[in-house]
Amino acid sequence: MTEMTTTLIGSGAAKATEQEAVRVSQEAAGDAEYTFSVEGLDLFYDQTQALKNINMNIEKNHITALIGPSGCGKSTFLKTLNRMNDWVEGCRVTGKIQFEGKDIFKEVDPLALRYRVGMVFQQPTPFPKSIFENVAYGPRIQGISNKKELAEIVEQSLRQAVIWDELKDRLNESALGLSGGQQQRLCIARTLAARPSVILMDEPTSALDPISTQKIEDLALELKKDYTIVIVTHSMQQARRISDKTAFFLLGELIEFNDTVDMFTQPSNAQTEAYITGRFG
Amino acid sequence: MTEMTTTLIGSGAAKATEQEAVRVSQEAAGDAEYTFSVEGLDLFYDQTQALKNINMNIEKNHITALIGPSGCGKSTFLKTLNRMNDWVEGCRVTGKIQFEGKDIFKEVDPLALRYRVGMVFQQPTPFPKSIFENVAYGPRIQGISNKKELAEIVEQSLRQAVIWDELKDRLNESALGLSGGQQQRLCIARTLAARPSVILMDEPTSALDPISTQKIEDLALELKKDYTIVIVTHSMQQARRISDKTAFFLLGELIEFNDTVDMFTQPSNAQTEAYITGRFG
Amino acid sequence: MINALALAVRRAHRNEKTARILITLCGIGTALVPFLIGAFLLLKGTDTFFVFHHSLGEFLFSGVWNPSDTAEGGGHVGAAMFLSGSLVTCALALVLSLPLCISTAIFMTEIATPRTRRLIQPAVELFTGIPSVVYGWIGLTVLVPFLRLIFPMPFGFSVLAAGCVLAVMIFPTITTMAADAMAAVPKTWREASYGLGATRWETIAHIVLPAAKGGIFTGIILGLARALGEALAVAMVIGQMKVFPTSLFLPASTLTTAIASDMGGAMEGGEYSAALWTMALTLFLLSFLFIFLIHRLNRASDLKGGK
Amino acid sequence: GCGSSNDANKSDAKTQAVSGSITGSGSSALLPLVKDAAEKYKAEHKDVSISLNAGGSGTGLKQVSDGSVDMGNSDVPADTKLSKDQADKLEDHKVCVMTVATIANKDVAGQVKSLTRQQLTDIFTGKITNWKEVGGPDEKVVLVTRPKTSGTRALFKQYALNGAEEASNQSLETDNSGILVQSVAQNPGAIGYVALPYLINDSTVGSIAIDGVAPTLENTYNGTYSVWGYEHIYTSKDPKPAVKSFIDYILSDKYGQRIEELGYGVSSKMQTKEVH
Amino acid sequence: MTALFVGGAGFAVVLLVAFVGFVIIQGVEGMTPEMLSFGPHGLGDMFFNTVYLVVLALVGSMITGIPAGIFLAEYAGNGKVTHWVRMAIETLASLPSIVVGLFGYLAFIVMTGSQWNLFAGALAVSILTLPLVTSVTEDALRNLPDSYRQGSLGLGASHWQTIWNILLPACFPRIMTGLIMAAGRGFGEAAALMFTAGMSTDIDWTNWDITSSSCPLNPFRPGETLALHIWALRTEALHPDAVQMASASSAILMIMVVSFSLAARWLSWRIDKKMGGSK
């Protein structure tokens, strides 16, 4: 069973890579070193400053974990990366974020940016539609209406999210009938179907049971071959298990950003150490 | 400053102890070994069993922590201790719980039980009244209407909750205007004002920032001199920092109950170990 | 491919703009309707003062109602008896129904099991939809003869009959609003109160009712607005005698009944019709005042409740 | 003529037949007649729809003058309710004579058969408040009247009350003649006034003579009973064909017989030359 | 104490049930087959007018009310304008219907130079139901889980795409419920129709030429509704069985209102079940 799944993923991933190549060449993504490079980012909600002078480079095909106590600005930072904060009343941003070499506030259309930078939320967010329509939503928005093409994208995305076998006979059922873990993987598939190159995940497993959590973590590790992943987690264990790099936020500041292994074995900052050894938070 | 606070607490605590003495003699609390002793407790919500054969003794002037993954029944168990579950439709309990030697389902009036066993919730729950009226609520319910006596109780309780200095000039303002951490300490003061001997706390810090959390933890350690405390927490670090005994729940069962130090250094159960080392949850 | 995507983006932006404009127009347009109505009423209703030269004081406080049905005017337009008729019937309706409203709301939110609540709530809401003429008809054929039978009253048609009919009419409005407000009181407050050893009554009296105060008042005001605006049901039972409401057992008139019965026949552009339009304008201003009060009230409780 | 209702040449009749809608409102005193006429008329003219309302003479005049109905029915001439300009734009059709009767609740009408004009005036202006003052039972007088816009009220005021304004603050004002009859029947001691046709089939109330003259058609024709008026149907100067055809039908001899059956007077039988 | 409240609630509910029962039973008892017929002596025409008028009114209030609801929930910020828009709509909701009727008479009859007609009545009723439709739409949109919005926006959908593809379909049943409630209100409306739709009706069921004024489907003809008929019958002393007619009309109206209310209940119960069952 697992073997089969793996091969399926393999083929799916291969396809995805093909497309990736096409897109990258088409969009002339430049040879930006990093997927995202963030410089001097400040963010305000009305008067209160939620992010303070963040500087950070996010590497391609890596998993970057964001950790820190509640309210430190992890979600805010994540949402800034694909400009979901545009929708928040009173939110102001200064500083610069480059996505594949282009300034996301000046040179990239926010809709197009979100096509390329997908997002998965803490609570699964299936639409009250059929499973098929959920996954096909992104492509449809992007103007694809050909039935066959859509069906192909849906199948491929569900395969990538390792949920095709569970759902292939139920594509026309409502997505609301799925279990929490299935819903979350469906949402990942939905994100993949929009053919992004980056996936942002905000505590994707915190509402899930241990077994579903395990599946999502495996999936993240699998996806990182083809995608850049940024994940917010409240579990230091999870950060340790899956991420390559870890960023530690505290009260809106980026306290430390380092390779995960180094961060957890020899934190260079006293606050980081206090946090990861559980002395607060 | 800290010195002053300490002495203030000291005097407050002394007073409290006096009253305690009075009440205990009045109620002839017997020489029960444990504050609570729970035997063969089963609890059902309609058809689903939320607690399965719990046996546990809770010691006087100790802090007992309840840990376990979400939905394992920690809150349910806590609410059973002061019969708050009476208010839940379809909730049935079998088994025996003794409070200071008396069966809480047979020998103790539920109102009287709740006077003695106070509760603090996850979200701070200040009433939409003035700070003074919030704290005076319990005593009023218990029939105290003398202005001077009430003012005394309010002051003493706020002092015990280490929030008197912050609030003494704002007693007539609405409690809803306080910060989350202040609200939570106010709620603790409100519970103390009802002069209980046990305080149950359900994740009292999970909605708070680190600094407020620290204050509540200090407070719990301070209160344990005079009160028995049972605290639910989702943070193993917190359990480790403040509790004397820890109980680990899983799917409605009490898996392990032991001294906190032993539990975290040499868990006797494989599931406990998996949980506290962060392999799930 | 790149063109397809760029096209999709461009189309999305364009549709967005169109939709936003259309929808904003509809929103603003809807909001203009009451202003339009207000403007019309103002236009017609101020004739009493500017064309027929009556004073506002006369209209509001004089009891002499004898407008001439001609364009020359020269009559008297004291509408005080209609105003007081409206106010008295509304107040009576409130006095009669409020105890029932509050106890039903408390029963629904605090006492009833979920099953009972599921039965009672739709029943109460059903009340709201019952046509007012049906209330009026039953009032006319059942209530009026009944009242004549048990009270010493000459007609049966009376302020009391109108008050009873209105009380039944506003019952569901107030009850549902009050019940909603009570149900919206956070469960945590109740739990906290119970946790301190309070009984159900202590919790209701000290926590639930004070916290739901705003919603209950809103309900009362909406109920009053409905009572004030009801025309036909009242007209069918109040007797429409053009006198001040001096006794519960005697007929009287209200603003709405006077408009309903006389507007149809009053000469366009005459003093009589102008006076009736002024009464309609008064009704409009009163509804506006009610809404304004509700907002005031909610804002006040927001300030008190908010952080 | 009768041929139009013949089934054989129905299709022919249809092509010639008038069609369209007629709306009318106004005098409740005239309503029974117009309704009856409409029913009979429609039997012959299937394509005409006629909707009729009461509401009072003033209402009818007002609405025909602002164009919201085709026919304004009135108990009084248009110029008493409308401005001269407005009245001049309308065409008057005097369709019949209507007699206004004083009616009272049975308990009173049994004992008080007749009232003098002065007594009547005193009763309606609120000077007499108990029936025993006029030889009736010891019962309070309950006035049931019509609103100012009513033509019946205008006639009654002018010819029965010598122009005195009735005490509207002591009376139950009723929207039209129908409910007035009901109210008089239901309330002991009640007195009111209504057009004769409303009494034709009604035995729930009793009528009262004025100065000993009973309100009947004969007394109206011979001029002894003076509370009466012409019934007018007002239309615009240039009415729709359907309206014109309908009014012609009412004025036709064939329908003339029916008018008396309903309790109205035929104009041509009037012996007095009074202009009411 | 408990007894007091239970007593109060019990009394209220018993009163309601008795009221509804009384109206229906009394009405049905006095009904004759002729009353139920379509034609000059039956209530059928009024029944048809009622339904037709309500349908027209609903179309009217949907066309502006639903977009207005979307505006309030999605596009209007929290500024002063929004505050006034909301206040205006609330005022509209609390306007006495007779005032709306007068306005309708002036705006739709006098100013257009037309005669009483169903269409004018429908417009007046649609003004009355407009605030209900608007607020139901707004509430439905606001009560949707934020996740729908986030999920769609996160995929690069524009605001309008999100509203059109995700939000509106998701709250369609709730809007339906609101429309049914609005229909209930329309059925019972009388005061607003007195001066607009007219208090009489005369239609010919064999005439389907929509331009003809006796065609049932022509909206520009006078059309008395059941509720108005009750009001009019009160004054009809000449009609021998006016009382029974009015009672029968009341019963029919009551049955319509109750069944629509039940339908709305059932619908929202279905939604809740579907939403609840999803977990």
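Here the chain labels run A, B, C, D and E in written order, and each chain numbers its own residues starting at 1.
The criterion applied here is as follows: contacts are C-beta pairs under 8 Å (C-beta built on N, C-alpha and C of every residue); 3 or more make two chains touch, one makes a residue touch a chain.
For each chain, UniProt lists the protein as follows: A, B = Phosphate ABC transporter ATP-binding protein; C = Phosphate transport system permease protein; E = Phosphate transport system permease protein PstA.
Keep in mind the model is a prediction, meaning the values are calculated, not measured.
Undergrad: Please state, in steps, how far subunit E lies from subunit A along the shortest route of touching chains.
TA: 1
Undergrad: If we look at subunit A and subunit B, which chains touch each of them?
TA: C
Undergrad: Determine the shortest chain-contact distance, in steps, between subunit C and subunit E.
TA: 1
Undergrad: Taking each chain's centre as the mean of its CA atoms, which one is most distant from subunit B?
TA: D
Undergrad: Could you find the two chains linked by the most C-beta contact pairs?
TA: By number of C-beta pairs in contact, the leading chain pair is C-E.
Undergrad: Name the chain whose C-alpha centroid is farthest from the C-alpha centroid of subunit A.
TA: It is D.
Undergrad: Suppose each chain is reduced to the average of its Cα coordinates; what separation in Å results between subunit A and subunit C?
TA: About 52 Å separates the centre of subunit A from that of subunit C.
Undergrad: Just curious, how far off is subunit E from subunit D if you go by their C-alpha centres, in Å?
TA: Centre separation, subunit D to subunit E: 37 Å.
Undergrad: Just give me the whole-number Å value for how far the CA centre of subunit B lies from that of subunit C.
TA: Measuring from centre to centre gives 48 Å for this pair.
Undergrad: So which stretches of subunit E touch two or more other chains?
TA: Correct list: 157-158, 161, 234.
Undergrad: Touching at least two other chains at once: which residues of subunit C meet that condition?
TA: Counting only residues that touch two or more other chains, subunit C contributes 12-13, 264.
Undergrad: I need the residues of subunit D touching at least two other chains; which ones are they?
TA: Counting only residues that touch two or more other chains, subunit D contributes 55, 66, 174-175.
Undergrad: Run through the chains and report each pair that touches.
TA: Every pair of chains meeting the touch criterion: A-B, A-C, A-E, B-C, C-D, C-E, D-E.
Undergrad: Can you list the residues on subunit C that touch subunit B in the complex?
TA: Counting only subunit C, the residues touching subunit B are 113-114, 186, 188-199, 202, 206-207, 210-211, 304-307.
Undergrad: Spell out the part of subunit A that touches subunit C in their complex, as residue ranges.
TA: 22-23, 26-27, 109, 111-112, 115, 141-144
Undergrad: What does subunit C use to touch subunit D in their complex?
TA: Residues in contact with subunit D: 69-71, 154-155, 157, 239-243, 251, 261-262, 264-268, 272.
Undergrad: Using the touch definition up top, name the residues of subunit E that touch subunit A in the complex.
TA: Touching subunit A from subunit E are residues 77-78, 145, 147-148, 150-158, 161, 165-166, 169-170, 274-275, 277-279.
Undergrad: Okay, in this complex, where on subunit E does subunit D touch?
TA: Of all residues in subunit E, those touching subunit D are 40, 109-110, 113-116, 198-204, 207, 212-214, 221-222, 224, 232, 234-238.
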